[in-house]
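Note that the chains are named A, B, C, D and E in the order they appear, and that numbering of residues resets to 1 at the start of each chain.
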Amino acid sequence: MATDRMAPFLKGGRSMLLAYDQGLEHGPTKDFDERNVDPAFIMETAIKGGFNGVVFQKGVAERFYTGKVPLIVKVNGKTALPQGEPISRQVCSVEHALSLGAKAVGYTIYLGSALEAEMMAEFGRIQEEAHRKGIAAIAWIYPRGAGVQNDTSKEIVAYAARTGLELGADAVKIKYTGDSASFSWAVKSAAGVKVFMSGGPKAPTDEAFLQQVKGVMDAGATGLAVGRNVWQHRDPVKMADSIRKVIFENKPPSEVLKP
Amino acid sequence: MATDRMAPFLKGGRSMLLAYDQGLEHGPTKDFDERNVDPAFIMETAIKGGFNGVVFQKGVAERFYTGKVPLIVKVNGKTALPQGEPISRQVCSVEHALSLGAKAVGYTIYLGSALEAEMMAEFGRIQEEAHRKGIAAIAWIYPRGAGVQNDTSKEIVAYAARTGLELGADAVKIKYTGDSASFSWAVKSAAGVKVFMSGGPKAPTDEAFLQQVKGVMDAGATGLAVGRNVWQHRDPVKMADSIRKVIFENKPPSEVLKP
Amino acid sequence: MATDRMAPFLKGGRSMLLAYDQGLEHGPTKDFDERNVDPAFIMETAIKGGFNGVVFQKGVAERFYTGKVPLIVKVNGKTALPQGEPISRQVCSVEHALSLGAKAVGYTIYLGSALEAEMMAEFGRIQEEAHRKGIAAIAWIYPRGAGVQNDTSKEIVAYAARTGLELGADAVKIKYTGDSASFSWAVKSAAGVKVFMSGGPKAPTDEAFLQQVKGVMDAGATGLAVGRNVWQHRDPVKMADSIRKVIFENKPPSEVLKP
Amino acid sequence: MATDRMAPFLKGGRSMLLAYDQGLEHGPTKDFDERNVDPAFIMETAIKGGFNGVVFQKGVAERFYTGKVPLIVKVNGKTALPQGEPISRQVCSVEHALSLGAKAVGYTIYLGSALEAEMMAEFGRIQEEAHRKGIAAIAWIYPRGAGVQNDTSKEIVAYAARTGLELGADAVKIKYTGDSASFSWAVKSAAGVKVFMSGGPKAPTDEAFLQQVKGVMDAGATGLAVGRNVWQHRDPVKMADSIRKVIFENKPPSEVLKP
Amino acid sequence: MATDRMAPFLKGGRSMLLAYDQGLEHGPTKDFDERNVDPAFIMETAIKGGFNGVVFQKGVAERFYTGKVPLIVKVNGKTALPQGEPISRQVCSVEHALSLGAKAVGYTIYLGSALEAEMMAEFGRIQEEAHRKGIAAIAWIYPRGAGVQNDTSKEIVAYAARTGLELGADAVKIKYTGDSASFSWAVKSAAGVKVFMSGGPKAPTDEAFLQQVKGVMDAGATGLAVGRNVWQHRDPVKMADSIRKVIFENKPPSEVLKP
């Protein structure tokens, strides 16, 4: 059962994951500083911040994963440099992810890309292999390309969520639509597949970000996979605590941030 | 024998299938509402409506298929977002479909696409594997692309049906030509391959849709694979009853709809 | 030995094959009528007409092949719909063709296509597999594409024939050049590979067609693979008899057609 | 050791090969006449002419190779018809070449083609397989494409030779630069890989051709692979004798041709 | 552990490698002269110069590797001739590299190429296979293509280094940024992956090159892979000695070069 496969990452059905594949996807200079360029710092933050899972590419997992937080290995990836229709191919086998201790594999599908079919087919094979081996397959679904005008519209975000269901993902990581009501349509479209908001770039204020998290949880989502809003934060562990209160205790952001 | 392989879906040589892969092919917002976005509602409709088969992508089958209606797993699929020549690749193995209880696999070929050859070759392999494992291979054949002017002309619909025969499909799902006489040419071109009309978008009136079904059956077809005209209907089970009467009892739509 | 592999299709070193893959290659509406759309009629014609072989795609063979005439299964194919450089990929395994009773597999190579290399490589694999399993590999070689001005010139037809030799085909099916003298150069270029004329569209008169056959045989060819000129004929069995007299008895068309 | 693998083709470290894949590469009409269109004539010429090896595509080898001269099977090939960037793919397995009695496989790489990488990767696999099975892998290296201005310049011919070394070829077949001094740079670049001149089109006079051969040998090459300059010659065996005297006895062309 | 896999190439955690794949990547005429065109001279220089490793393509290793210096086999490669987006594919299996005595395989990824995904996926498979067999996988990472303005900027060099980490390379070979401070950001981004500077074209003076080496070592790198600056040098062994003093003894270039 899909629920069982996601169990390592859930607490009361909810979850807070720490994402750290930006070094490949965006490059170190765009997102990192002297502190968070170091994966050891992230691993430490994942533990101290009480995260329910941590997302690494295989190379980072091989060198820095310490086993104290459940591991998701991203098995495809691309840099931000190539132009043209986006394509991200498998760079890590499911077998290898498993040998690193992964409890799930993550795979990005650029929905709407002219090469969408390549990624959907590859995810299809990975999902079956992961399930045969007893671990979860999580789909990062990002609509992109000439056919996609607005990648955070209610319609397109729900389409991303639904694709995760149709292809047999255990969970999807999708962008936030901006409000809870419209995001709840994506959650409904996922029909039981665990929905994680993609944290996105650093929000202008902590409250702004926590409001997003609240909206996401109110919509019925499982939680979020956050990166920059935590490890770019002055005090990552404190920020993680704040997020956790919104996710697991349903607290309003204003109360959480009260000094 | 092909007939034997389709037997699970036939009653007196006729059949009424419930299709539900629109979440992937069209997106949830375009086709679904709060009720039919839920696959459990569809599964229930398939049972209560007395359908002879239900069509799901693997993810939906994994979570919602209850085993009471014979299952067809769609093993390829695409979203409506990519532009350019249509291509849909295998996302589910025949082995996996079988493990979900499928009695048939479904595969879409976009006839006339510049990538037609990729899909025909992939269907060729799937057909042989499905047959080795004792289940049917059903071809969704949709002519599309620069070389196709009118995808419901008598010529093109017959071409789609014939391609199913030539490639060894047990059944084809094709569009309606609009009249029974021309559709009977497609049925003849299929030369024994079971012909199912693709239900298409919601018809303006129930009678309009039932007239199509009647025309299809009069042409010698096996039945239809219907989705939106049932689960977008105010009363899906009643609509299913009406369709069934046309298919299995040869009743004229006007009589069927008589209050 | 290649000769041995073609033996099932030869009588005194000559041969008359009945081709029936036009349903896929051209579409049923273009080539068929109410009578010849039915593969059973073709199978019957093959028997009654005394053909030395019959050519079917796997789907037709699966349903209509009765075993009384040696079978050639066409293992690739395309529709007439896609635009751009022609490509036809394998849709039937050699293993499967064998299980249907095939004594040969047929494969089309579009010489001069930008995708020529894909087809030549695929034929290369099929040829070796067919020979390992003891059946013949017949190449349909049709020059086509931007680099081909005239696909019935002496030069280009000889090039097609020669390619069959170089790639290890047991026989080639090529177009007629229009006269026996120039066609004999193709036969010489084939250097022992059995040469079959491709029957082509219905000729204006029976005599016109029989003159082609005579020219082909005078050039030293093995025979022809004929479709439309037989099964579009008012009296297919009689037309088959006429052709047979030209091929096997060297009779001039005028004598053959004498009432 | 590479030297051992080429030993079947060497006499005192030198070699004269007869090439006959022009039927595929150029077409029969361009290069052949009534006599040399027949592979049996070529096989006989190879024997009578005292050649150290003969080059055939698999189809010709299957039907005409008699085993009296060591065999090289060309395992890729293309026609002259397709336009655009050149690509030639594997049409014969190493296993099959071996079963035909080959002591070496030959493979063409179009250096500089946009598809160069495909051919280099395929040759890489073939080289390893050939060596595992104990036979030589010979690279035909022909620079071609938009990035290649002059395919017989000193620089480009040396690049071709060097590529053979880097990729592990036992021997390379390359074009002549036009003079011995510049060709010696190609030989040095090959660093021990046996260098064969590609014979090219029929030279205006026998002496002109023999001067090329002399220049090639003076540059330290192993020999040449000649086709048209022998089998288009009025007296192929005599021409072969002349070439042999230049290659193996270092005789000047003027002396060789003395009546 | 990655450190263990690189141990054959390290002395006190530092390393000086001799690179010699320019014959394929640039062509012999561009980079070689009568002396260094000979791989035996390079092998000798590797030994006499006290190098910690030598980089060859398989063909050069097969003929010239003598086993006295640890071997890195480059397993992909391309020529400088093709135009368009750069792509370099695997030409040597990991198995074969191992049979040649390799303690590491090297693979080039053109970051930013439209075909980046092909190379990242292929490296992903090679890395896992190399590690299973107990040898290191070293990534040559060269940003190139329309999306890359300046391939030696701090940002892009750090991106290259980081990609090596993310994909699980044991070491990366990257270009120098031009100053030690900015290069140290690349070293940090690599987060423990051994960083080697790519030697690049012959520097104007020995001191200029040694200053680069000093900057690289001051930035915390492991060493460099040098080719032209050694084997194009008048006295390669002396230049190797000078470099070694900078790398292993931290000596300033001015002192090293003092007569």
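A few points about this structure:
Keep this in mind: a contact is a pair of C-beta atoms (placed from the backbone, for glycine too) under 8 Å apart; a residue touches a chain by one contact, two chains touch by 3 or more.
Bear in mind the structure is a predicted one, so any value in this text is a computation, not a measurement.
The minimum number of touch steps linking chain A to chain D comes to 2.
For the pair chain B and chain C, there is no chain touching both partners. As for how the two copies chain A and chain B face one another, under half of their interface residue numbers coincide.
Between chain B and chain D the CA-based rotation angle works out to 145°, given as a multiple of 5. The distance from the centre of chain C to the centre of chain D, with each centre set as the mean of the Cα atoms, comes to 35 Å. Remark: chain A and chain C have CA centroids separated by 57 Å (rounded to whole angstrom).
Multi-chain contact residues, meaning those touching two or more other chains, do not occur anywhere in chain A. Across the complex, chain B meets chain C through its residues 2, 111-114, 116-118, 120-121, 123-125, 128, 143, 145-148, 154-155, 158-159, 161-169, 185, 188-189, 191-193. Residues 21, 23-24, 27-30, 32, 34, 37-39, 57-60, 62-64, 77-79, 81-84, 87-93, 96 of chain D touch chain C in their complex.
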